[in-house]
Amino acid sequence: MTRRGVRWVDQRTASAPLLRKALRYLFPDHWSFLLGEVALYAFVVLVATGIYLTFFFVDSTKEVVFRGDYYPPLYGQKMSEAYASVVHLSLAVRAGLLLRQTHHWAANIFIAAIVLHLFRIFFTGAYRKPRELTYWLGVTMLTLALLEAYLGYSLVDDLMSGMGLVIGYSVGLAIPFVGQNLMNWLFDGMFPGSPKLWPRMYIAHVLIFPILIGLLLGAHLLLVAMRHHTQFRRTKAQTEHTIVGVPAFPGQAPRSLGLMVGTTGILFLLGGLVQINPIWLWGPYHTYSSTNGAQPDWYLGWLIGALRLVPGFDLTIAGYTLVPNPFWGGAAFPLVVFGFLYLWPWLERKFTGDEAFHNLLDGPRDAPARTGIGVGVVSWVVLVFFAGSSDRVFVTFGLSYTGQIWAYRILVWVLPALFGLVAWWICKELQASERVVRVRHEAEAEARLARMRRSSEPPRDPSTLES
Amino acid sequence: MRAVVTIAILVGAGLLGTGSAGAASGPPRKPLAAYGYHLYGEYCLSCHGANAAGRMNQTSTSSGSGPGREQKQQNGIGPSLQGVGALAADFYLRTGYMPLRHIGMQPRREPVFLSNHQIRALVAYIASFGGPPIPKPQPQTGDVSKGLELFTEHCAGCHQVVAQGGVVTGALPPALVNATPRQVAEAVRIGPYVMPKFSQRDLTDRQLDSIVRYVEFTKNPSRPGGWGLGYLGPVPEGLVTWFIAIPALIVLCLLLGRRLRS
Amino acid sequence: MTRLRNAIISALVLLLGRARRRRPRREETRIVPPQPGHLAAELAVLALLGLSSSCAIAFILVYALGDSIPNETQFLGAALGLALLCLATALILVGLKLVPSEEVAEEYPPHEHPHEQQLIAEVIDESGTRFTRSRFFKLGLLGAGGTLGLAILAPAVSFGPLFRVGDFLQTPWRRGRRLVDETGKPYKASDISEKNFYLAFPEGTSDEEKEQMAASLVVIRLPQKELRLPSHLKGYDANGILAYSRICTHAGCAITLYRAPLFQPDEPRPALVCPCHYSTFDPATGGTVTFGPAGRDLPLLPVYKDSKGYLRAKGNFDGPVGPSWWGVRLWKAQP
């Protein structure tokens, strides 16, 4: 029965050799190797739920009067067709809210999983030769995912998303020399743009970006498969030349399927049980309205933090504005962070002179300098991220907002250096203690051997003892 | 505790009755207002001055960090209360905004330790100087949609669009979960601390009813999506992402994959 | 009930029996090594699959009942989520307990293939031997490719008015234009009281025009003795009435926070604040930044009170409205 099926496929596709190889493709076994898979599955859920949402969304900013009697607080209000369609989808379409919320949670988790995956790759040195390309594709997908997600919540045209959109617009406008033209071009005129803006954002969100991410994802996975996975040196059999792992079938397949279905399950549970972005509560956006406590989704929190931390100045030369303020926090800061991510494999090779092939991973302690620098950069971004929520901290814990901002303006420079040094020192210490333990084990083993020899067979010949 | 306070009040009232405070005019005739007059001497006089005329020059700067609500002899500065009427007195006393812990702080909602009768007495005393009466908002006649519109234009910038409270540099606009319709109506007319003050011309009573109706709605807003997360949007959502969803997914990964030292 | 149990048991027996029958005879030729059965895990997997399908059916039922049950979204999410999680658990059990998950060793692919590299290079190089001016050819190819690329990209310029940056200085304000509220009712100077802030638009604008950044204002009144406007803004106020642009010069959010102290001596000074990044502007000194990231003063629209008491614009803003761009300070807003 099985054989007949295989034969049918092979006769028509000549794929048996390839399939056989694929079935026995090896997956080195470690839990952290699954984080990238979680991101992949979140993307699958995003595409699936997203397709459903497109059937209900209207990409128009034409003004309509809301006439849905299912939600009195908005009844009779003027709003864009886009916003009205999402309110309708959320409150009047059966299971619409479940799918919209699952879509939004999946976006939050997609990016969180990418970030965790990136941490794993960085701190274990998995990006080293021959896998730099794979790494760069991954970092590119992260930037695309951030833009895609920003477009996604901007499309809704509720009060919060409108505020997010105008901030993004202002950051673009602040780019020296080209900002004005660039934004005029993208928005088809000044903010809030022309009626063409929404279809433009919509097609970018549902077609251009997903296809780009999908293509890069395919290339990413293909490269992984061509070069095979990296592995930790868990057993003696695992070397730079020999990979030890669980075959794709039957060992890995049910696990990966389980992870996929499990991730999807968690996303749907969240989508049904935990409310996310209740846009019907925010009301429609107008350029002249705003609300306190407006924040971007978590993955852009580091940017709002940076925008808030930069002291109030425009870079001017003799009264001529060269660089308006939002550029620093909104554009320069992410450029520095992503620049670091892109350049890191090259920088490391430059400084260590390490041109070798690496299939074995480092533990974080094995490369104290890398770990130290990584911890420094991560804590820098995380501190700026925390600064972005200092207004809610003020509301919740009563710590003065202005005080917090001043503290962060200093701490974001001091603490990362400190954390980096501490991480570097801990790695060094761990290495040293590991060395001590290893030496002791060796010495103990030697002594045990000697003792055994002495007790079991008393020396007959003095020469054997010496040797 | 309550007994101590009551005794203190009685003693204070006794002192005042014989004392020097009522220099310009004596206690009012009506018994309730008269009782209020004594209470005023006990709790309000040190900052708001005799005859509710206000105090501007700060003679003593002993604004300690201790339980200031019990420090009776501290001299401070305070606005005149003449003409603020029953409306303001009722608001500040029933929210626990007054007495203030120490001068210069933003008044916040605190447990009220005056009894209902005492509050009514103080309100009657302040009202004896004239001013608007306690408003009687009728949220049931308001329009919740109109309310959201007005709230967005006038209030959401500080109080957040679902009235969950927010930040303005130097002050903390409170959440309105605990504000009763009457208190909301009063606050709109007074503009406590740095809040703008809306007159009848700015917002009619009818419009105010709609705003109050909307504020009532925000106390238990529609929550078809499940756990509401405080109706704040992204910050708590990010917390759920990183502290619930991601740990759950990592547990899943740990179940499926091997650990290095196992 | 018993019939159901019998059915389940016989199904199990059938399944297990079949598995046993199919076991290959010659153990030594197997690719996947044999492992002992694990009946408990197998039963658990079956139970989980059953649970999963009942949750899926529950989902369909909840969906069908729809609006007649409260908290529909929660039931839908719980049913679907649990169905998926049961299935996931079953799969995980299969992966960990029922299929062999032995580790296999294998060589990594070689670091490189020198022979193939050589072949490819040879093929490419040898194919081009008929070109005698190969450098020119490459240059020509590059030129054609590049210009064609530009040609293909050129239509993208029509996306938007790339060079029409003069729009940034346009405002709907003209001398004599009245200030109106959201409903279109003109403001009288006497409508503007101290300690409050007002949303204003130019008279006669459509809903769409109201959305323009330069249209909306935040109007306040300060006691005239507190005004400390710089010399170039003298006369911009109408007896203490100030009409600022409502759009923050930092990131374009609407300024909907007005800090209006009730009792000046011990409360913060009046300020206009943007809720996005908490840029704080001092209205008394002409909209200067006192805190937060804004790098430019809030533009002020000069206003006057006409003979009937209505508020009218006296001219245009003292600087461009909205978020800043490079060179923003060179310009003045234009009518």
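Some observations on this one:
Order of writing sets the chain letters: A, B and C. Residues in each chain are counted from 1.
Throughout what follows, a contact is a pair of C-beta atoms (placed from the backbone, for glycine too) under 8 Å apart; a residue touches a chain by one contact, two chains touch by 3 or more.
All values reported here derive from a predicted model rather than from experimental measurement.
The most distant chain from chain C is B, comparing centres defined as mean Cα coordinates.
Innermost chain of the displayed assembly, by C-alpha centre distance to the whole-protein C-alpha centre, is C. The chain pair with the larger count of C-beta pairs in contact, out of A-B and A-C, is A-C.
Computed centre separation for the pair chain B/chain C is 36 angstrom, with centres defined by C-alpha atoms. As a whole-number value, the distance joining the C-alpha centres of chain A and chain B reads 43 Å. Distance between chain centres (mean CA atoms), chain A to chain C: 15 Å.
Among the residues of chain A, those in touch with two or more other chains are 29, 97, 101, 255, 258-259, 262, 266-267, 270, 272-273, 289-294, 391, 401-402. Of all residues in chain C, those touching 2 or more other chains are 72-74, 77, 88, 92, 95-96, 199, 254-257, 275, 278, 291-292, listed in ascending order. The set of chain B residues that touch two or more partner chains comprises 153, 156-158, 166-170, 224-226, 252, 256.
On the side of chain B, the complex with chain C involves touching residues 56, 77-79, 103-104, 153, 156-158, 166-171, 190-199, 201-202, 224-226, 252, 255-256. Interface residues of chain A, counted against chain C in their complex, comprise 24, 26, 29, 63, 78, 94-95, 97-98, 101-102, 130, 163, 166-167, 169-171, 173-177, 179-181, 184-192, 194, 200, 226-228, 237, 240-247, 250-255, 257-262, 264-273, 286-294, 304, 307-314, 316, 319-326, 329-330, 357, 359, 391, 401-402. Note for the complex: chain C touches chain B at residues 71-74, 77, 88, 92, 95-96, 182, 191, 193, 195-199, 254-263, 265-268, 271, 273, 275, 278, 280, 291-292.
Taken in their complex, chain B has these residues touching chain A: 144-145, 147-149, 152-153, 156-162, 164-170, 172-173, 175, 214, 217, 221-229, 231-235, 237-238, 240-242, 244-246, 248-250, 252-254, 256-260. By the touch criterion given at the top, residues 32, 63, 66-67, 72-78, 80-85, 87-92, 94-96, 98-109, 111, 157, 159-165, 167-168, 199, 207-208, 210-213, 215-216, 246-247, 250-257, 274-279, 289, 291-296, 322-330 of chain C touch chain A in their complex.
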